[in-house]
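The two complexes that follow have chain A in common; it is paired with chain B in the first and with chain C in the second.
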Partner chain A sequence: MAAIASTEQSGTSVPAPAAGAAARRRSLPVWRWAILLIAAAYFLIPLYAALKFAGFKAFTQVVGYQDFGSAFALSLRLAVIATVLTLVLMVPTTVYVYLRLPRMRRVMEAITILPIVIPPIVLIIGVLKVAPGSLLGTPNLLGLEYVILAMPFAYRSLDAGLRSFDVKTLVEASNSLGAGWPTTLWRVVIPNLRTAMLSATVLTVALVLGEYTMASLDNFQTFPVWIVNFEQNSGPVSVAASLLALFVTWILLMLIVTVGSRSSRRRGFGQVTLFSVGAGGAGHTTVGEPE
Partner chain B sequence: MADSSIQAVAPEAAASGATPGPATKIIRGAIRWSGVLPFAVYVALGLALPTIAIAIGAFKTNAGAATLGNIDTAVHGTYLTGLRTSIELSVVTAIVPGIFGLLIAYAIHTAKRGNVLRRVVITASGVFANFGGVPLALLFIATLSTTGVVTGWIKDIFGGFNIWNHGFTLFNAFGVSFAYMYFQIPLMVLVILPALEGLRPAWREAAENMGAGTWQYWRYVAGPVLFPSFLGCLLLLFGSAFSAYATAEALTGGTVALTPIQIGALLNGNVLAGQENLGYALGLIMVVVIAIVMVGYTILQRRAARWLR
Partner chain C sequence: MTTNTAAGAHTSGGALGAAGSGAGAPVVLRSLSRSFGAVRALDGLTLDIAPGELVALLGPSGCGKTTALRIVAGFEAADSGTVTVDGKDVSPVPAARRDMGMVFQSYSLFPNMTALDNVGFGLRMRKQRAAERGKRAAALLDMVGLSAQARQYPHQLSGGQQQRVALARALAIEPRVLLLDEPLSALDAKVRLQLREQIRGLQQRLGTTTLFVTHDQEEALSMADRVGVMKEGRLEQVATPGELYSRPATAFVAEFVGTMNRVPGDYSGGDEVTVLGIVAPVQPDHALVPAGAVDVLVRPEGLTIEAVPNGNGIVTDRTFLGSLTRVSVLLSGDVAVKVDKSSPAAANLIPGTSVQVAVDPAATVLIAARP
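After this line comes the complex of A and B, so read on.
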């Protein structure tokens, strides 16, 4: 039903066609490099332009600016709330659905894609309308809604992570040794899901650190809202702040993927998953893994 | 595989008797579904309830009486123009980045497993797909504004040719679409890669052994297999562009007529106080548009599935 975006693949299950595929790879380099060059130009030139605009001095000034500390602290707090809640809610649910209600996976995919297609601006005005007064005055409400926004990424990371190891056998073994469901989840499933949980975490943090729509309509000065408010005072510093946030998340994600694929290769599984989407019944396309 | 796992994880279910009564069946069903209860409650409170509240609010006056006036206003005049521009912008920024993202994903897919380029592109996609709003607007202002870097390059190369004097602007729907692609292309790479991974090398081998060329392989094997996923990804990109608010708002200062911007203006009280219900009506219309697109997608996909058989 769905497949996996992986940086690595266990090459063991498709040994024969590898030589042919390699030959084809060598025969295609021209258009491939052309595409990648265009893409690199489109993505790197604006970064270069922004770096040039900001100048290196602005980077040293970011931290000291007024309200930067409180705005960044608020965003970090929201990121922690959203990440913890996302993991607590989504890990047991995803594992449960995978093991006990496999036919529900289509439904789960449909539900968890909704936050990408339902406009956040619509969602937040609805939330502000129905939220109880005790939540309305606090930024915690934002944290709760970010869990919803993070669902598409979190569910897909975790579901793909579950498919990267033989969870059924492990759970059966654990059960036959007398472990209950909580023990199995905590001591057997979660250690194997560590990489998937890490990438879910980074994607959630990236989302929270960049989310502007909901925060601005809820009137809280999170980091992205601060960048906007601040832009009027000092353009270069807010550009520098944006670039810093971008690079830090990117480096974090690179680290996780690199370390994750190294450790999973050691265990015999080669997949670090970032995102997967239902292929709508296009085919049973689990990568490299016999189902 | 599904049944065996259920039995294995719940051995008591298999052991407790061959013919369970209807009552035990219901209880057992309730217990089985209770595992998704927290998730279901969370989604109901955080996603469904607000959406329903919007739908109800759309049909009320400020005094609370029932009305169709909000919907009527929302589908006429500037709001209709805004909706049309929004849909056009979303279609363009779904199809163009969709095709380009597919090409990038394919270039990455054919690269060697575990090479650095592949890793960089995939992680960058994860980060850039979440990039938007003011940071993105600032990037494009630094690049393509009247004093931007690329504007300067074009001037240098073409002897003082200033694109801004020849109809280009960053601050209308066309300019905004440039910026949208910055998060749409990475999103496409992320969502289409799994489908590409599903193309087995053996299929190409088989096609080539039977004498198929590259074109025939794509027309009769890879194309039909990829097509439903490709459509699904385009739908996702459409939704993502349609609901984007922060980038257009930041880039144009809220001057471009797009439905999310108009909702924001109504809800922030920038236009007139007391027009929240009109904002709800616009929100409801956005949800309806998305729903129509999703139904259309389902029908298309069913057609495609039949054609695939």
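After this line comes the complex of A and C, so read on.
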């Protein structure tokens, strides 16, 4: 459980540096600072308390514990599988629905919300029923389940991304210049959907690194499962493990965001932050305005 | 991906060769119809465009002009009718292989590419080698006066610059037909004027057959060789700008193009109408108008005005237009008209002056049923 809570925390703490950068560029009214401080205190004080309780020694102990490496590797592997599959499935689907079946968008929205509503155990049984035998009992199956879990977030990111530029006109322009569908998707749509795809990636990775229920039901020792199992042993060490999970997730997400922003800023898109896609609007209008 | 681009390259070979000779292709739209649900967007549209000609489709929004253009481009399919380019029916050809350059209303540049790469995109699809492509794209950017902006991304360009890049991009593939979908409507007035001249100049220089869709009559009249005025999916009239203005075929055309007055008149049923005390010959578009009380359509320059005591109207306002002054007059019976008068002669027509307004016997008048 601690792992799940910590990923959520890490998710909210990612935009903080961006807010700091904005503060440096223009002077914010006092009340904004007050809110920022209160919010920061809300997140940082428990972290600080946990750090103090665990002590530095506990961290070195955690890493040395049995199965730490394999559990962490499994989670990373699942994150990669889930992200790649999600993007490969969702990008063409979302673009197709957006362009060709605009009336289906509401239906898509309803369908993609299902994984949030349906209890994990039902999803697992459903996947087990249809999964080919060769996948049963392998972690890849869990990867497939994570694709389903990530669908709501990926769809929303991508849909918001598509709404941020005039896809229809760009696709038609590309067509009229002689590009067929696959070329148009690859050279025109995907490069402009980059921010949304990054956002979908970040959300999927965060989800996979924090997911406990499905992994434990499927009997796989992912990183969050490992932490929960482990926590029952000793106080400071288990707190250190939770903190480690938080930092690792946070660093990973920051890495994705930084790499993504660097290449997209060069082309004048808005800075990629976790939640910027929906609100940011057209990427090219937000140049130099991180807010 | 490979199949598509290869196919694109295949068609482009011939097209580039053909366009290289500088001659545009004749385009014929034959009986095009298209419905969207219950709405008939196009209702048997027929239009011939000569090689190298610029034809503008002009009409209010919803008249079907954009649908017509999109059918020519291959983005929409007609329910019935054909589009032929250079004598060949292009209906089964997908948009990507029609070799038509298109400039869109909204900014359609690829945001992820520089101006140069945008212009080179079509050439890239035609498998032209990078060096050659770069050279040609640079030449086209130079042609629209944007060499200095070659390395900039669309968001770094102004609206007008973006549309110029879009024009260069459309022309880079040496299209058989150039399609312009309200390319100036998102720009401010001054830029619009410059770009209008630039587009027309380039089009004439290259001799590209061009179909231009606009709702702006000034744009259509100033740029096109011929203008087709559309209403409810049909062409009301196709004519040169001058003809359209001076001899409109229908009341709709007359009122859509230029300023038009509606004055009550009395129609006997023949070729003449009585209006403001004179009998004037009417244009032959009176078939549908029943005899009796009608509205007579006459342009501001088709009316005469003299300051007289106890005339049939009173000057309410006047607008100085340079050599001409447009005088607003309220006629008896609450009819407001606009009359053009040379500015020196209009000097004494201050608001409140009693005037006599009459129809110039030489003026073209049309009649329309009273609404």
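Note that the second predicted complex is superposed on the first by the 184 of 291 C-alpha atoms of A that agree within 3 Å, B and C clash if a C-alpha of one lies under 4 Å from a C-alpha of the other, contacts with A are read in each partner's own complex, and residues count from 1 in each chain.
In the analysis below, contacts are C-beta pairs under 8 Å (C-beta built on N, C-alpha and C of every residue); 3 or more make two chains touch, one makes a residue touch a chain.
In this text, all values refer to a predicted model and were calculated from it rather than measured experimentally.
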item: First, second, both or neither for A:Trp186, with chain B first and chain C second; value: second
item: Which superposed partner A:Glu172 touches (first chain B, second chain C, both, neither); value: both
item: Chain B versus chain C as contact partner of A:Leu142, first or second or both or neither; value: neither
item: Chain touching more of chain A, residue-wise (chain B, chain C); value: B
item: Contacts of A:Leu158 with chain B and chain C, given as first, second, both or neither; value: neither
item: Partner chain in contact with A:Ala150 - chain B first, chain C second, else both or neither; value: neither
item: Residues of chain A that lie at the interface with chain B and also at the interface with chain C; value: 172, 175, 283, 285, 287
item: Residues of chain B defined as touching chain A within the complex; value: 1-2, 5-6, 8-11, 32-33, 35-36, 38-39, 42-43, 46-47, 49-54, 57, 100, 103-104, 107, 110-114, 117-120, 122-128, 130-135, 138-140, 142-143, 148-150, 181-182, 185, 190-191, 193-195, 197-198, 200-202, 204-205, 208, 225-226, 228-229, 231-233, 235-236, 239-240, 242-243, 245-246, 250, 260, 263-264, 267-268, 276, 279-280, 283-284, 286-287, 290, 294, 301, 305
item: Complex contact set, residues of chain C against chain A; value: 1, 3-5, 7-8, 11-12, 73-75, 94-102, 104, 106-112, 121-122, 125-126, 153-156, 166, 169-170, 173, 179
item: In the complex, chain A residues that touch chain B; value: 2-9, 11, 14, 16-18, 20-21, 24-25, 28, 31-32, 35-36, 39, 42-43, 45-50, 52-53, 89-90, 92-93, 96-97, 99-104, 111, 113-127, 129-130, 144-145, 147-148, 168, 171-172, 175, 199, 202-203, 206-207, 210, 212-213, 216-217, 224, 227-228, 231, 235, 238-239, 242-243, 245-246, 249-250, 253-254, 257-258, 261, 270, 274-283, 285, 287, 291
item: Interfacial residue positions of chain A with respect to chain C in the complex; value: 165-166, 169-170, 172-183, 186-188, 191-192, 194, 267-269, 283-285, 287
